[in-house]
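The same chain A turns up in both complexes below, where it pairs with chain B and then with chain C.
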Partner chain A sequence: MGTQFDIAFVFEYFLKLLPFIRISLVIVGSSILVGMGVGFLVALPRLYKIPVLQRISQVYASFFRGTPILIQLFLIYYGLPEILKLANIDVSKVPVLFFVILAYGLHSGAYMSEGIRAAVTAVDRGQVEAAYAVGMTGFQAFTRIVFPQALAISIPILANLVIATLKDTSLAFTLGVMELTGKSQTLVTMSRHFIESYVALALVYFIISFILEKLFNLAERRLLKHEAPISSKDRVPMGRKWLNSRIDGEIALSKGGSGI
Partner chain B sequence: MTLDFSFIWTAFVKLLPAIPNTLYITVVSVSCGFIIGTIVALSRIYKIPVLNQLGTSYVTFIRGTPMLTHLLLIYFGLPLIIDGLAEKYGWSFNSVSIPMIGFAYISFSITAGAYLAEVIRSGMLAVDKGQLEAAHSIGMTTFQALRRIVFPQAFAAALPNLSNSLIGMLHGSTLAFTVSVVDINAKAQIVAATNWKFFEAYLAAALIFWGLTIVIERITAWLEKRINVYNRGGVA
Partner chain C sequence: MIKLTKITKSFGRNRVLNGIDLTVEKGEVVAILGPSGSGKTTLLRCINYLEKPNDGEISIDDFIVNCRNPAKKDIHALRRKTAMVFQNYNLFRHKTALENVMEGLVIVKKISRDEARKLSIELLEKVGLGNKLSSYPSQLSGGQQQRVGIARALALNPEVILFDEPTSALDPELVGEVLAVIRKIAKEGITMIIVTHEMGFAQDVANHVVFMDEGVIVEEGHPKHIFNSPKEERTKQFLARITPESAYSI
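Moving on, here comes the complex of A and B:
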């Protein structure tokens, strides 16, 4: 299996992998956007307790959080065309990338909906009441008061999700999308230097997630400027209500152990 | 080709024998990961000189890279190391004697170890420092205090995260197909490819995973209720 370990190949492969960061990030970015839209739509019925829709969104979140992303990828890739065929829509010409983005979007949407729900419930109820008291409508109260606060609270959750999605994109190669992992597997077919290629691959992923984490830390500090500085992970429990709720939220939300 | 509902049931039955493999991988990796995680978490909390830095970089690296790369690195890297050593010291043991599922066990344990280290660490930090001091003041040694006072409370605090990690590893075990271990996912691929009914087979696999996840959730909820009894507020 393979040949002698040669560090020079790690650098070579690392450079060869760099152009493919783009496609991985495209998948992450667009699926997070899809996920945000879906997550928002799914979270609303549960926040406002709309009878039937609430059940549906519960089942949706449960299914997409309860099955592995790999299975979901295959399900959507093989299943969607057949379902659409029943409605006489032909999608056989649609690139694989769309199915991949849709699968990751729906997957992250389930987590996103839970995140949005937790973040919104973490905003103190008094804030909404105060907004009503000064004469805002329900929509105004949501967009002007609740949403900005919820956004700040949900940044750590979002950061977790984005990084988890980045790591999940390593599975897109199973459907033949040429992203980082797929490329690293084709690189070795010529030279048989398996380990060097995978070391380079791990380095690339590590660097991207490291940068992403730093960026999100920055964003969090920016959004929480109106609060006392508390963005350390091991924060002491404070009397503030939303701080405690946020910790609960994170427990319910952090995306499983693996992040595959 | 239309949706064949009866085949979902057929696939479901065919997938059942593959469940133990998935569960073995999950249970072994989480148990080994728990041991690794405890060691790493303790050495990080007590800031043991070398182990602390090693643990930190281990956790950072593993959590920053996908589980698939760990599996691939172990699968291709470990034989190289073992064969090198075997040649040097003349062992009869070499990489061929490791079963395929062994690679999955080792690599997933390493993955789970890093995630569980964080879970355990956050659980232990959630226990009030006063608890440990109180235990010291009535004459317990640090080991006794940790075992009798801190761990049970930390376990209760970390339980939701633990179940999350368990579910994560259950879902992660689908990756074992890359090292040709036949778990539920690999079996679904086999069933799908031999019958040319992909959607139905994966639907059956998804249903099994969903069921397993819900079972884990239920057990956790029940356990949480039991284990948090000490934590009730109010009187009597």
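Moving on, here comes the complex of A and C:
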């Protein structure tokens, strides 16, 4: 770190990093979508206790939760093409981003499946019976009664996962993806202002996480409005409110990166 | 007319219902009594197939379900002809009182939202909750929740309403308001089957009392006969134990 710390570089790098937020968010967004799909498919056999599939989804979940995301990235990027080659499928032209999204998607899917399972079982069975008694079909009972409530319950889990994934995307640079961390690496090699670049990088990640956290809090409050005791009249005083949100924030942050 | 024929139900090896025959006339209010574990709730839940009977036949007017191998659409049809009020209310927690009542009308009966809203408001007013339309279940007392549950059942305009111990989960001071509502709708001639521990209420409101024990109907008939001059020894024992004269002293 040859050069002296210069705050001006932090600002400069910060601005230079901004355009690369997009690619990081693309990775987060797509892999969360993939993860939701996968998580849902994996949760179903366990919710409905389907014999063989239940075991398979258990193995999947414990593998992706029990190994570091960095290793998963390598396995999927370097290992998957080898396996596909055996089946005569050539994937050498497929962009890196695809593998990255697949890896993060499968990784978050494992966590998502656990979240979905917990949320669905948290909606009490009696309401499903009531839905049946009213004359709804199984599908109607799920979509009208269970799903909306499970969604609200799983918002905090989802929020943690999205923020954890955002931070985990910093590892995608190891495969040469030009996202936030990747870009900051190149900035450093040009100017040798290491610390400034990492400070700027940390700031960018923190600001995005902070905004996401607030958005999820908002969504949660909206979706759980039915559990709030009579609102508006007994507002929490400003100080308490600030304290509460601080505690929420700390809990969310302590989850940290799920990877290495 | 509802007719149950030879309904049997086992949980594993445990036989809970042992060939139940029961006929309920239109407009009748049936109270099912009996000690806990006698199968009353299971019987009630078999009528709308929340519990799957092993054998027997359920018929409502000309509609017959054979319980040995019922078609899925028959079960569905059966549920649409019945409604249930649960011990734990089981309201949809993410919906307001009004939405709870409307849900079945809009989703199952496919009635237009405006019409469903109008009907639901009428029903909630009838159970005395006209001022709680937009409250969520978490903002209502147990008694109020149960009255929403009753309005939800009434909205479906079923052939029969099944009450599964509707006051058992309530604070004693809230029991009265729920019983009053049930009494009110009983007078309108809606067919009802009520599993209850409220003996006074059964005696007062029901016009057909069924006493069950160990998965069979021990005795049934008019409440006057069952309560004042029961024929079976088992019924006498049960009634003796729950009437105040013999209440235990400390």
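Quick note on the criterion: the second predicted complex is superposed on the first by the 228 of 260 C-alpha atoms of A that agree within 3 Å, B and C clash if a C-alpha of one lies under 4 Å from a C-alpha of the other, contacts with A are read in each partner's own complex, and residues count from 1 in each chain.
Here, contacts are C-beta pairs under 8 Å (C-beta built on N, C-alpha and C of every residue); 3 or more make two chains touch, one makes a residue touch a chain.
Treat the numbers as computed from the prediction; the structure is a model and nothing was measured.
Asker: Touching A:R117 in the superposition: chain B (first), chain C (second), both, neither?
Answerer: Neither chain B nor chain C is touched by A:R117.
Asker: For A:F74 in the superposed arrangement: first (chain B), second (chain C), both or neither?
Answerer: The first partner, chain B, only.
Asker: Contacts for A:H107 in the overlay, against chain B (first) and chain C (second): which applies, first, second, both or neither?
Answerer: A:H107 sits against neither chain B nor chain C.
Asker: Return first, second, both or neither, reflecting whether A:K183 touches chain B, chain C, both chains, or no partner chain.
Answerer: neither
Asker: Between chain B (first) and chain C (second), which does A:Q140 come into contact with in this model arrangement: first, second, both, or neither?
Answerer: In the superposition, A:Q140 touches chain C alone.
Asker: Once the structures are superposed on A, label A:R46 by its partner contacts, choosing first (chain B), second (chain C), both or neither.
Answerer: It touches nothing on chain B or chain C.
Asker: What is the contact status of A:Y205 with respect to chain B (first) and chain C (second): first, second, both, or neither?
Answerer: Touch partner of A:Y205: chain B, not chain C.
Asker: Which partner, chain B or chain C, touches the larger number of chain A residues?
Answerer: Result: the larger residue contact count on chain A belongs to B.
Asker: Considering only touches as defined above, state whether A:P148 meets chain B (first), chain C (second), both or neither.
Answerer: A:P148: touches chain C, not chain B.
Asker: Starting from the residues of chain A touching chain B, keep only those that also touch chain C in the other complex, and list them.
Answerer: None.
Asker: In their shared complex, at which residues does chain B touch chain A?
Answerer: Listed in rising order, the residues of chain B that touch chain A are 1-3, 61, 63-70, 72-73, 76-77, 79-80, 95, 111-112, 115-116, 119, 122, 125, 160-161, 164-172, 174-175, 185, 188, 192, 198-199, 202-203, 205-206, 209-210, 213-214.
Asker: Okay, in this complex, where on chain A does chain C touch?
Answerer: So the residues of chain A in touch with chain C come to 124, 126-127, 129-137, 140, 144-145, 148-149, 152, 225-230.
Asker: In their shared complex, at which residues does chain A touch chain B?
Answerer: Where chain A meets chain B, its residues are 1-2, 5, 62-63, 65-72, 74-75, 78-79, 82-83, 86, 163, 166-168, 170-171, 181, 194-195, 198-199, 201-202, 205-206, 209-210, 234, 251-252, 254-260.
Asker: For chain C, which residues count as touching chain A in their complex?
Answerer: Within the complex, chain C touches chain A at residues 48, 50, 76, 79-80, 82-84, 86, 88, 90-96, 103-104, 107-109, 136-139, 152, 156.
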